[in-house]
Each structure stands twice: as C-alpha cells, then as structure tokens.
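Per-chain residue numbering starts at 1, and chain names A, B and C are given in the order in which the chains are listed.
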Amino acid sequence: MMALAAIVVDSLVYASWLFIVSIGLTLIFGVMNVLNVAHGSLYALGAYTAAWGVGMYVGGAPDAGFVLLAIMLVAAIVVGVLVGILIERGVLRWVYGRDEIVIVLATYAVFLVLEDVMKLIFGPESYIAFQPRFLFGTVSVAGIPYVGYDLLLVPLVALIGVGIWAAIHRTRPGKLLIAVIHDREIASALGINVARFFTVTFLCGAILGALGGALSAPLISVVPGIGVELIVLAFAVVVIGGLGSVEGAAIGALLVGLGRTAAVFFRPELELFVVFVVMTVVLAVRPEGLFGKPQTRRI
Amino acid sequence: MTALRNIRPTTAGIVLAAAALLGLWPLLPAWAAHTAAVSLGGGLVALGLMILIRFGLVSFGQGLFFAIGGYAAALANQFLGITDMLVLSVAGIAAAGMIAWALGYIVRGHRGIFFAMLNLAFSMILFGILAKTVALGSTDGFSVGVPTLLGVAPGPEAGRLTFVLFGFIVISSALVAWMVDRILASPVGYAGQGVRENELRLRYLGVSARGAVHLAYIMAAKLAALGGVFTVLLIGHVTPEDTAYWTKSGEFVFVAILGGAGNVAAPFIAQTVFELVRTFALQYVPEAWQMLLGITLLLVILFLPGGLWSLVDRLRGRDA
Amino acid sequence: MPEALLETRGLGKTFGAVVAAEDVSVSVAAGEIVGVIGANGAGKTTFCNMVTGYLTPDQGRILFRGADITGCTVGEATAAGIHRSFQIPQLFPGLTVYENLLLSVGVFGHRRPPWWRPLVRPETQQEARRVMEQYRIADSAETRVDRLPQGVRKLLDIAMAMVGGPAMILLDEPTSGISTEEKFDVMGNVIDALRSSGATVLFVEHDMDVVGRYADRVIAFREGRVLADGAPREVLENPAVIEHVVGRRPPRPTDA
C-alpha cells in the first residue's frame, strides 16, 4: 500500500516535471510545425541561469526567502526572451517554408552552438541551487515525507497547463492562433499577422522551456549535458501524446512518469528503456500520437 | 536537391581513389592513415544516410546500426574468439541486416519527422539496453583485440592499424561505394527519388513505395554496421555512448548533410573534413568544437543545400 | 451492349456526414470514351479514387474485365491496367519533364524495382522521348516541373498516366487550368493519343462543350448519385442535369 502511494506521488511529481519541460516543445510544434531540438538548450540555459542567480543571491544573503523563486522566474523569462528571439528571428525565419526535417536540422545546429556557448559562459563545473527546494519544508503523504517544493510542483504545473489551454481556447488571440494552426495561408489572407504569431509562440515556448529548466535547477546538479539528455526525454513525452497537442503532452508526461517511476521501483535498470519502448510503440502504431489526428491526403 | 542527371558512373574515380590511398600508405604518417581509415568507416554510415536522404528520409537513429555492427564484431571477437576482419565484417552486416529487415516493417510506412523520431527511439532503446547490461559491458563497453585476415596475423611490433587492416578497409569501402553508386542508378534508386518527390505518383506507377523504403532502410543499416565494424577494429574499443547515443546519430546526419547527396564520394569527403577539423579543433579550441559544427550546419542549410558536393558540381559548370 | 470493361455495382462512400458516393452503378465498355460531369463536390473524384484503389468503397463492388477488384491497392489497380491522371497534377516537382518521364518509364510496373541494372538505357530513353513528343511537351524537356505552366503540367500528368499502356484511363479534369482557347487543341491532341493507344477513357470535365465534342457517352453525378447516364445530347439536355450541373456552375477558385 505504501509502495503504491509512493509510486503514485512520485509519478505525479515526475510527470509534472516532464510536462513543464516539454510543453513548450509541443506548443511550438503545434503552431509552427517546428520540432525544436534547441528546446534542450533552452532548458539547460534556464537551469544554469536560475542556479547562478540563486547562488549569487544566497552568497550575499544566507536567509533568502521567496525572493529565490522570483529570481528563478526572472531567469526563465530573460533567457526565454533573449534566446528565443535570437533563434526565431536569427535562424528560423530563414528556413520557414523549407522541409520539416530541414527545420529540425537547423534547430539541431542551434542546439550544437548553444551547447558550447553554455560551456563558455558557465564553465565545466556544476551549479547547485538547492536552497529554493527547502523553502516549503517537508510534507508527509501516507506516512512518507516529501519535500514541499516537489509536491508544489504538481499544482503549479497543472495551473500552467490549464492556463495555456485556456489561453488557446478561451481568448481572442488564442482563437486566431487556432486559425493560424489550421491554415496559415488562409489566416494570413484574412489579415492575421502570421509572422507575429510565430514569433510570439516561439517566445512563449522558449520561456516555458527555460522555466522548466529554472524549476529543475533546485532538483538537479546543473552540469554540461543536461540539455542533451532532456531533449530526447521531451521528444518521447510529446511524441507519445501527439506532437502539437497540449492535452497530449499532459498524458504523455503522465505515462512516461508512471512508467519510469514503476521501473525505478521494481527494475531500476529498465528506467530509460521503458520510456523509449513506450515512445516506439506509440510511434509505430499511432504516429500522430494518442491525441493527434491522422492526416489523410485528399487528391 | 540533386536531380537525376547527377547520377553518373564514378567507377573510375573510385578505383583511382582506392589505388591512391593504397599507394600512399608508405608515405602516410600514422595519424593520417588512421584518420583516412576512420573517415572511411564513418563515411560508410553517412553513405547509408545519403541513400535515405535520396529517398527524402532522415534518420536520427543511425547510431543504432552503427552500434549493432560494432557490438556484433566486438562480441564475436570476445566470446567466439573470432579475429578475422572479414568474418567480423560479415557478422556485423548480417546482424544489422536482420534487425533492419524486422524493424523495416515498422518504419517503412513512416515519413518525415516520424521516421526520424522512430529511429531515434529505436536507437535509444538499444542504448538503454547496452548501458545497463553488465554482460555487454554496461557504459564502459569492452575492448577488441587486433584483427587478422585469412590467417595472417600482424606481428607484435605492428600497431593496431596494419597495412592489412588499412587495405581491407580501403578496398571494401571502395567496393561498397561502387555498389551503392550502381544501385542509385538502378530503378530502385530512381524509385527513391520518386518517394521523395511524390510518393502518390510512384504508387500510381505500380511501385510499392514502402517496399522501396524498406530496401533502402536495410541497405543503410548494413552500411552503418560495416562502418561500425571498421571503427571498432580501428579504435579497439566500443561503448554505448560512442555508438548508440543520439548525439552520435546526430553527428552522422551532420556529415551526410555536409557532404550532400550528389555523389557516393560526398559522404567520405565530408567525413574526412569532419575528422580533420575535429582533430585540430579538439587540440586548439576544444570548447568551440560543437559550435563549429553547428555554425557549419547552419551555413550548409542556408547557403549550400546540396552540400559540399554541389561545389564540385558548380566547378564543373553544372547547376546543382 | 458489348461486355463491360469496367463495372461498378452500388458503390457507396461517406466522409463523416458527407455522402460522396451512393449506389453508383455504371458500366463502361471497352473502347468507349465516357465523359463525367457534376457540380463541385458531386463525387467525381471520389469515383476515380475508388476505382483506382486509392479509396476503398464502404459499399458495393468494382469489377474490371469481370474480375472483382474491390479493395485492391493502387498498385494492384495499376497492374490490372487502370491508370489515372489527377485534378491537381501529381508530378515529381524537383525533376525535369524528361526526367519525370524517364523515371516513370523506368520504374513502371515494378512493384519491387530491380536494383542490379541501370534505369537509364536506350530503351527507356527512347520511350521517354516518344511519350514527350506524343503529348507535345518535348519543348519543355529540360525544364524543372515546378517551373512549368499549368497547361504543360496537365499534359505531363496525363503522359505519365499513359506510361505502361493502360487498358483504361481515368482523366480527372484534364483541361482545368487551361485557357478556353487552348482547351480544344489540348483535348483533341490527348484524345487522339489515347485513341491510338486503344485505351478506354473516362474523363471528368466541367466544360460542357468539351464533353459534347469528345464523349461517346455522358454520366452526370449529383451529390454522390448518378443523375443521368446516356448519349451526350440526351444527358446534356436533360432538365435535371441542366438545373443541377450545367446551368448553375459556381466559380471554381480551387483551379488556380
């Protein structure tokens, strides 16, 4: 019973983390048809910047309180906006209209560049920013003590997810966005500024990626290579749910979270294996993902 | 993208290149010979990707078959005591061929990013297995002895890269490149262009597009596996991280795009450039090696969509 | 009545709430040239799609030379001798006109194309050139297809459909996108070429003058059903046809 409760709670926490680190990826793909490999770099940059900011602040004020959370948020926004603009205006707009896979390669190129940029800025050492993690004390669930920060991740991420969903489906810009998703040409013929929507979407996705990194900073040790590992995991999450679908990313995160947690409990060596087996099965059987719609070509 | 007219017999070029490499052997410093041989190994993998690119497909998991080739050779060496490079090569190709044949039934219906992602997932599964299986050496992998050929064993004083191994790699790469060149000029090769340009029309011409993709997938897998065998024989060691992890697959895609799909020589040229630049970059600007790759890839995508080979075409006064 | 080459019995197909075909029973005799008319969305293309195996009908059977080919694949329909051209030409856009035909000639009919011999051989080259000349597109031989004018694309599309010598060919709006002045010229040339090959023809057409001139028989579709089927004059003067097909033809923005 306790094991079950532990698995459920751990899965939820892990799924929330997966969702927040991959939602930006699926959002960008859904609107722009860009599978952004550099999402991994945005995550890593967000984590580095947040960890660095927290470290700087804590160094001067050992009793830092919730300011730390503000620092993390600001780090995510700054990274997301700066790097997002750089990628979208500097690179992507030159490849719009090219083959989907060429665009993937372009973002892969950006990813390679950013990998080294991060090493140049932050060096090879690891950054640790554990302090925010202990802001909320520990909470006991079914007799097992949990770190409050981890548990708070669940409602926070749920809130973000619902917010994104509502922004798309319940606001005017969101409805226009759906028009853009549905048919770019018609949308721009109707006077919608598609280029603007692309830039804004990319920035939102980039900020979410960086936010995922910033929120992870207290949970991990921030070292070179975290973006490399993250991006394949995020691919698995969004592909399972259906590329471009927000609900799908949530389901994908839950599935992967559950699968990985169960593996960690029972057969730790299968951790990575499970994730990619699920991804493979979904891709093989339903390439459009659990939530995607199959595309048929009319002739 | 390359048009049909770019397919032409390159037999003479292949024979010349192979003869030149063999003739240069006494003059080549050890590092140069090693770089050449390693570039042939990696070039074979990129050659396989080039076939897929001609079909309009990009695999982000070609490390899967590279690893299968490398591990097949390493396992056969370790557990069966086989040292013959020919036998090890055949083992690698056979293993990859069978696995690609089976997986081919899944991937042949996939295109675009779904094809790329599915292969990525396959390769990550293998990575997960290799990295966690103690019998397969876990993350450390394991070592491979010095290979022999038809009973000829190198003397103890010779290094790992003997003339026999060098010659074997050069001659088999040349043979394989020649075969691929022929295949690209055959109806299957053209069917690949049909898959890339308009699969619907190809189907209405009575061709099974899926069947053609399946065949190309198996060919690319075998080439990657042979490249894996060569690399393992040259390096003497195999690990999951250096073969099956997605970053390795990304490198191969980089090389294939850098070379372009215009000619079977392109992947080898690109791989050689890659190896040379890496050697120097790691020595002088180790922090900027990936940046260099990234910027090059961007430049190729933006300004040289036909890859390095399109420069050759341009020199010859053809439009790429 | 001579034995039917193609016969459909009660074909039905729906897309969600849209009925694209309902109880479509027609029969085409060998050597006939049949015109198919109908307003936008009447189900003409859907009919072609079902007969060539691109879509499987929800109901009904398709017989070709008396054999049941319902549910066969596009490749199998092609192998049986049913070819088609498309409303929107389906070409290999990155290749030249000559390369399009060379590729078509070289791979045609090989479900699994051979890999051990070159595609470019004197026979394939000759055949590709012959087809180009027959359809009068040899002037554009070296032009990349994505830079061709619509008229030449349409012709190339038909030429590629004729590779391999079909027993029956379905032309989906062969003259759409071609100016009214050129229509007769183009269509006359195509029909001549098809007649000389002995293929049975079914063509979808919106221009009633073209239909009246070239069809031996006309089938009119309306909302997925056969509205009329018979001699051209008879069908074109049928009041129901005039009301639903001929009379009120909305502008067609899709034929850009």
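A few comments on the model shown:
Assume contacts are C-beta pairs under 8 Å (C-beta built on N, C-alpha and C of every residue); 3 or more make two chains touch, one makes a residue touch a chain.
Small disclaimer: the values here were computed from a predicted structure and weren't measured.
Because contacts link each chain to all the remaining chains, their graph is best described as complete.
A centroid comparison over C-alpha atoms places C as the chain most distant from subunit A. Taking the mean of each chain's C-alpha atoms, the chain closest to the overall C-alpha centroid is B. The interface with the greater count of contacting C-beta pairs, when A-C is set against B-C, is B-C. Between the CA-based centres of subunit A and subunit B the separation comes to 33 Å, rounded to the whole angstrom.
Each chain gets a centre from the mean of its Cα atoms; for subunit A and subunit C, those two points are 49 Å apart. Subunit B and subunit C, compared by their mean Cα positions, are separated by 43 Å. The set of subunit C residues touching two or more other chains comprises 90.
The multi-chain contact residues of subunit B, meaning those touching 2 or more other chains, are 200.
Multi-chain contact residues of subunit A (touching two or more other chains): 299. The residues of subunit A lying in touch with subunit C in their complex are 299. On the subunit C side of its complex with subunit A, the touching residues are 45, 49, 54, 86-88, 90. The touching residues of subunit C, when paired with subunit B in their complex, are 52, 73-75, 78-79, 83-84, 90-96, 99, 102-104, 106-120, 144, 160-161, 163-164.
Listed in rising order, the residues of subunit B touching subunit A in the complex are 58, 106, 110, 112-114, 116-118, 120-122, 124-125, 127-129, 131-133, 200, 246-247, 250, 253, 257, 287-291, 293-295, 297-298, 301-302, 305. Of all the residues in subunit B, the ones that touch subunit C in their complex are 1, 3-5, 7, 182-183, 185-191, 193-194, 196-198, 200-208, 211-212, 215.
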